[in-house]
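Note that chain A is present in both complexes that follow, paired respectively with chain B and with chain C.
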Partner chain A sequence: MPPDDEGAEVDDLERARCPTGIEGLDNILNGGIPRGNTILFTGSCGTGKTTLSLEFLVHGALAGENCLFVSVTEASEKLMRNVIPYDFFDENLIKKGKLVFVDMPVIYRRLGMTAMELTLEDVETLVKALGDLVDELSIKRLVIDSVTSVCYRLKTEEKIRNFILKVGKTLSDRGCTSLLISEISPSAERYSLYGVEEAIADGIVLMGNLERRGDLLRTLQVVKMRGTNHSRAKYVLDLTPAGILLVPLLKGGSGGGT
Partner chain B sequence: MPKSPSKLADELAELPPSAIALSIRDDTYFDAIRGVVDRFATKKDLNTIYISAAIPSQSIIDVLKILEIDMERIYFVDSVSHTMMGSTKKPENVLLVESSTMLENIMLKVEYLLKKSEGKGSVILLDSINALAIHNSSTILSEFVHILINNLRAKNAYIVLFSIEGFGSEEINNMMGFVCDLTLDMSEEGR
Partner chain C sequence: MADSASFGIPALDKAIMDGVPKGYTILCIGTPGAGVELFAKRFASAGAENETVRYFSTSERDEDVLDTMKDFGWSTDLKIVNIGTMYYEKVLARHLDVSKYRLEGLTMRDLRQFEAEEYPEDEYVANFLTTLTYEVSKLTPPFRIVLDSLNFFLEYYPYNEVLSALRTVKAHTQHNEGVALVTLVKGVLDSRTESGIEEIVDVIIELERLRDGFEFKRNLLIRKVRNHPEKTGILAYTIDEKGISAKGV
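Right, the complex of A and B next:
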């Protein structure tokens, strides 16, 4: 039988959550994402992945955590404009460095990664650079948008597996809860473009567009989440100035979709 | 004899936050609206969220203006206007839902307005269950009403569901009787 204090520590670990600040999602996850988890947020375009990840960071920054958004495809300045309409957004979060945006192409350039295909050595260097950034800025929440674009430069399954495993471990070791944004086509029958990311991530949240009698509904479903019980039902979401809102999908009208 | 708006407001005010099915007719429609959004909401210091599924919100707003009802605290979730493909202009207190078949989006807009109300009490008026029944099967409509009412109960809100006398199917009437706490009738006085 473990000593009492050890038992208490295990209890604390089990309870440690990173609340997303999105009320409906935190309810689905029984309080939030288990701290240190690396979660794949996957879906086709226009499903709200980037918006959700930005809100996750804004709530973290408001709660006093340092947050980092690594943008791979879009310029940070353009992304920043997306958080300003939130009622709860405070510009001081950016000014005070609680919410930091970094463009991945800048990291590539600084590391001298000019070739279109990255090597296994580059993967090591890239993961180390991300780890250093997390250490330097004491980051507790991180988003990579999108990991699919990083994988595009890795090409092989071995390198993708290596990258996801190492990035997940590096961030988890630092107590950093991370969202990896993954893009899939609406007809995809798996959760990531390369099929590797989904097997390694601690959690998978699938975001989709459900077509029902000509209406298009944005949906969210937590498919997997290590370290917590969670609902696996499908929810309908709305992107509002008060943040993302979720309600259960009415089953009487369910008619397929992604 | 039709019930007066004040009488309706008095009856509603005696209740704790509840789900009330309100049976109305053409000739009691505007008295019922006035009773809920003006007399009752004022009496209990509530915001009103008016789900307009029967006629466009602008028509209701025009009537409320004629009746000189203060609209400072009345917000609309309108599932009719968008399908009419009319003017793109809409007043600030109106949220549009693309169609009356998007029942989840109606719930989401109500949720948004409640979130914006920052804890102030609210009455949600659904006008009407019969209008939604035109566009939705009774199965999905029952599911919608059940979830909506339970969500609102958890938030301590009043919900009044208009039911047009003589136009509800037996299935819908049974469902309303099952999920609502009480049924009131705008025409019951003098019966």
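Right, the complex of A and C next:
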């Protein structure tokens, strides 16, 4: 396994991990995401980003951590229905407040952010609001799905950079490990729509589709992860009722074996 | 049904055509303190006995409008549509809410409570011009419309949209032989805006208050009467405990 970042400090290698609960991914990351990291999960539609992030939260909640899913584009009630069929899901996690869903549009409206383009002051307010919720609920894992939709309302590179930097710092300072879901087109040659997000995030996990022998496979590749050694190989991702399964992509083989 | 509607000020009625002809829209314009709001209330009350009266208020509470009318002994048999109150409830009160959450921070309870209230998105951009024209469209003759004042709408909506709404009010009034009066504070808007409004209305009455030594001298200028330029002129008016009265000068 080649190291991702040759400049990684030895101390970082020993940082506490936040196990994703997805066995294959934790193996790739040598135990999980370094705690407090802000990771960009990026890919085109249908690649399993939301499912993976939900599973990350459910495993965290099952392990006793408080988890928050901030839904920007889809009503959280609908998302909750998606997570219920999983074998490992326990509805009590939501009832007991271990797994909390919040709709970003409600936050926007509550804070009076009704204009299509948010201001720099709005960015500060929005990040502060997220920080307040993390403090109030003692959140240890957070997902924003998707950060691209937030960036769409920020418009300028300056505001996007400001938002990603501040949200990353705010969450990291609170020991919260965060996944920012990023949407890109299948043909995109970078990892985020605006290019700014990928430069600032502590890690990038690229999810994609791969056509092989008439089958469309979902793939996952850890491109960058500060604070740990990791494999950069491409894996095949299978969505099963038992959760996500990852197996190495066999070059020239079917790649679909589970 | 009479062919004209009384202003409630006999000398003014006489000076025009025994009142304002049915179907006409009047603009009452004046500087602050000239009595434009009181003129609007007098006009509304004058129609209360025989007409359906809708009084659109943008800056006074219902009780303030009614109390003023009662103080002068005028009829209050009319319906007030309080755009000012609606604006406060739907826009300003929420702005106050928002400033609180922006400064004090958000809690989960705030968010859950807000979700439960289920505010429709469009309430944030409630268009009170639409409220005005909708309320007007429901009126059947005989009716009398009073809108105090146009300045509110010009402050919050584009000029062309306000003019379009004014044309709608005028058209409904004209086709149904009602009467309408709109008020405007003079000197706040640019001349182009004022001229656009003056072009639409059929009658323009300007209330003028001038300082004369240690007292005010009040003039009522009949600046426009559509198709009757001979009716334009100047009256002197006074405001006392009995209300507004006018006489020729």
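Observations, loosely collected:
Criterion: the second predicted complex is superposed on the first by the 237 of 258 C-alpha atoms of A that agree within 3 Å, B and C clash if a C-alpha of one lies under 4 Å from a C-alpha of the other, contacts with A are read in each partner's own complex, and residues count from 1 in each chain.
Operating definition for what follows: contacts are C-beta pairs under 8 Å (C-beta built on N, C-alpha and C of every residue); 3 or more make two chains touch, one makes a residue touch a chain.
Remember, it's a predicted structure, so these values are computed and weren't measured experimentally.
Annotation: superposed three-chain arrangement on chain A; chain B versus chain C shows no clash, the two fitting side by side. Touch criterion not met for A:44: it reaches neither chain B nor chain C. Contact with neither chain B nor chain C is seen for A:172 once the two complexes are overlaid on the shared chain. In the superposed model, A:221 makes contact with neither chain B nor chain C. In the overlay built on the shared chain, the residue A:107 is in contact with chain C alone; chain B does not reach it. In the superposed model, A:231 lies in contact with neither chain B nor chain C.
When the two complexes are overlaid on their common chain A, residue A:250 makes contact with chain B while staying clear of chain C. In the superposed model, A:209 makes contact with neither chain B nor chain C. In the composite built from the two structures, the nearest CA pair linking chain B and chain C is 37 Å apart. When both complexes are aligned on chain A by C-alpha atoms, no chain A residue touches chain B in the first and chain C in the second. Within the complex, the chain A residues that touch chain C are 100, 102-103, 106-107, 109-112, 114, 125, 128-129, 132-133, 136-137. Residues of chain B that touch chain A in their complex: 98-99, 101-105, 107-109, 111-112, 115-116, 136-137, 139-140, 142-144, 147, 151.
Within the complex formed with chain B, the chain A residues making contact are 212-213, 215, 217, 236-238, 240, 242, 245, 247-253.
Those residues of chain C that touch chain A in the shared complex are 94-95, 98-99, 101-102, 105-108, 110-111, 114-115, 119, 121, 124-125.
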